[in-house]
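Data block below; observations after.
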Amino acid sequence: MTDLQKSWVLHLGIIALLFVLQFILPAYHHGSLARVMVLTCYAMGYNILFGYTGLLSLGHALFFAAGMYGLSLSIAHLDWNAGPALLAGLAAGFAMALVIGMLLLRTAGVAFMIVTLMFAQAGYLTVLYFGEWTRGDEGFVIQQDLRRIAGYDLSDPTNRYFAALLLMAACIIITLRVVQTGFGRVLVAIRENEERTRMLGYDIQRHKLAAILLSGTMSAAAGAAYGLLFGYAGATFASVQYSIFPLLWVLLGGAGTVLGPFIGTLFMFYLIDLSSELTTAYMLIAGLVLVALTLFAPQGLVGELRRRTMRWLP
Amino acid sequence: MELGPYLILGLLEGLVTAAVLSLMALGLSLVFGVMRVVNVAHGEFFMVGAVLAWWIAGAVGGHPALGFLAALLLAPPLTAGLAMLADQLVLKRIGYDPERTIVATIGLLYVIQQITLMTYGPDARPVEAPFNQRLSIPFVEWTPEGLSMYWPWGLGTTSYKLAVIAAAVILLTAIWLLMTRTRYGLLMRATQLDRETAQAFAIPVGRVYASVFGLGAGLAALGGVLIVPIQQAHYLMGHDPLLLSFIVVIIGGLGSLPGTVVAALLIGVSDGMISVFFSPTLAKIIATLAVAFVLIFRPQGLFGKRAL
Amino acid sequence: MTLLSTRQLSRHFGGLKAVETVDFDLPAGQVRALIGPNGAGKTTFVGMLSGRIPASNGRVFFDGRDITAEPAHRRIRAGMAYTFQITSVYGRLPVTENVALAVRWRAGGDEAQTSRRVMEALDRVGIADRADQLAGDLSYGHQRLLEIAMGLSQEPRLLILDEPTQGLADSEIADFIALIRGLAGEMTILLIEHNINVVMQTADAITVLNSGQVLAEGTPDEIRANAAVQAAYLGTG
């Protein structure tokens, strides 16, 4: 088998495995896994920008929240159906990524990080400021009968699981395609050495903007799906904490690997799930993991695996 | 009450904010200036200062002034020690890489904050001010008999708030003298200018880094101790000041002391003024967007040199 | 035919005139060396040719077209290739991918054609046997060769080599001279070079920069005989 074939077999195999797991898992883990898969899409969107292009954003909650509020506000206040509302969420994320992206192209390094942080903070405060519509921190519930697409009730656990799996499979296939084509190779080249890449004839700004658009839209898709599948939108999802989460998941799983975001999200979700039974200070775990990762395993779990044995992992 | 007294009130409250903010932002700015890293956990050192002040004041007992004095003397060095420990255990080992440092200090932020939550708890607790006389402020109005003074209701401050402003002025002057007149300041500036050359001249760069990181945290903790008699100690209290310090440091130009002080005055006073008239949320939205746009279109800050 | 020319090209940094009103013409097919003492403005001048540094004044023409306002990546696509003075390969990527990045868009995304051209370029500079290694694991000399392979794999009309022999051993320099002689006739080459031996053995013509201005221009023999050049440059070396 060539490396290319191996990687398709592995990734499609994992999607098939998750499909089968649905019939075996107990209800609690079944629900958790659906949540993990949606959040994985958020992490995969983040990974396009951070892992492959080398741009570290501290404000991706802005895109996640754009998707979530694009969907939920058009359902709650415009009486849209779930289908068009989902598209509204994607469009909101895309538009946000376009505007923010054009501004971000003027910055680099630490300034890039702080500007993303500031924009996301302004976004979070804006959600609070328009509390009349968004209900601020308290948030609002999207009623069950409004969460239907093509006749499928997405609040039903089985449908929800399949919808989440479908979305994650789409994100995995998109990411795989991106990293296998010239476009993805150029993103990696920009990450490794921007000036060299420019001097090989590539338009850096255009590639970066495309990466921001893909990353922002994928994150927004996750946000919209989260609102739709779990029926709730709240300001927490726009807060700094939700900008830090995808960074944490991707670092843990392995930045610049296709499977890293899933592995990282899965690990962290259960780690926090378990520790929140023990203490209210469950973010302590997140903090310790972040410090430990920067110190001991900057490559993450899948990254270490690739470095040690499976060099073909995309 | 007329507009005039409102403005004076806003100005006074703003000066108190500016005083604490300039100490904290100076700490952030020193760390960035000398070590070229952004410390995202800086707000937590402010919080630790305030919480330690509560512990120490409670443990000392007796007259409030006694407890507060003990806190003022002990909390900043303790916090500085904590920061130096973090520097040795974490930052030094990742070689002060700018991006990895941000990730690591985000981790530290959560570790410090959550440990405080586990030990100190989720409540907000006050520390009694060492002195707290109410001072009314007179205002002038034009009457048929000519100019006359009166004391509008609600226009006033406390002796403690004035003392905070005075303390900040003294401390800032002391830091300025430390930077410009001492051997330690010289070492700091040499390291800031060029790390490699400093090393070649046998300047102990590692120790300078650790001490600057400690000094920065100590300044934040000082701000925390000073604010705690006005605003209670709480494990999440570091968040907003961190954001404001970022704003101050970026507008003032990273690593520039006069720029930092001017920007702290600007932000503190306008924050005080804006909150008198507008919603604080809107004020914060405007301020955060302002920082973003300053970084995008004028990365050298409004006063300083290009730093990021 | 003139492939590249500049008119009144200048670059000022504050009060410093790094390059001052340079008129320069490079005929197609020539191997031209650009020499001059340190601080003569060679790197700034080449930076303006390749688009890494914007010009303060004057114009750059490539293939008869005014490219003064074009960004670097467009100039590369128009047929320039540039190799860095300080080795600038992708250390964490395989040797093949380093070169593939240089040729992929020219091959229209055709991976088979891309890898064929990659191997040709690696073969040409003599590091084909290292194709599967990470670029960062190559020796310094091999990294310099990889850098050149990235340049010539683009089949450029103008290849700009910025101090390619810096830090190479004598035997490696001899190989490099042979390589450049082999390339002569296939493409126009602009060589910024400190090592006067390399210059004399490879260049058809030499331009000498001093204090941001053209001090002399001519064949290697003319330059060798030029008193002003000897005073400014050769005399010291």
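Letters A, B and C mark the chains as written, and numbering starts fresh at 1 in each.
Throughout what follows, contacts are C-beta pairs under 8 Å (C-beta built on N, C-alpha and C of every residue); 3 or more make two chains touch, one makes a residue touch a chain.
Predicted model only: the values in this text are computed from it and were never measured.
Participant: Which chain's C-alpha centroid is most distant from that of subunit B?
Facilitator: C
Participant: Which two chains have the greatest number of C-beta pairs in contact?
Facilitator: Max contact pairs: A-B.
Participant: Which chain is in the middle, if each chain's centre is the mean of its C-alpha atoms?
Facilitator: That would be A.
Participant: What whole-number Å value describes the gap between the mean CA coordinates of subunit A and subunit B?
Facilitator: So the centre of subunit A lies 34 Å away from the centre of subunit B.
Participant: List the centre-to-centre spacing of subunit B and subunit C in whole Å, with centres computed as mean CA coordinates.
Facilitator: 52
Participant: Between subunit A and subunit C, what distance separates the C-alpha centroids? Give it in angstrom.
Facilitator: Comparing mean C-alpha positions, subunit C is 43 Å from subunit A.
Participant: Along subunit A, where are the residues that touch subunit C in the complex?
Facilitator: It is residues 181-182, 185-186, 188-189, 192-193, 195-204 of subunit A that touch subunit C.
Participant: In the complex formed with subunit A, which residues of subunit B make contact?
Facilitator: Its residues touching subunit A are 38, 90, 93-94, 98-100, 102-104, 106-115, 117-118, 122, 243, 246, 250, 279, 281-282, 284-285, 288-289, 291-292, 295-297, 299, 308.
Participant: Please name which positions on subunit A make contact with subunit B in the complex.
Facilitator: Spelled out, the residues of subunit A in touch with subunit B are 56, 58, 103-104, 106-107, 109-111, 113-115, 118-119, 121-122, 125-126, 128-129, 244, 247, 251, 279-284, 286-295, 298.
Participant: Help me check something: in the complex, which residues belonging to subunit C touch subunit A?
Facilitator: Those residues of subunit C that touch subunit A are 50, 52, 71-73, 76-77, 82, 84, 88-93, 97, 100-102, 104-105, 109, 150, 154.
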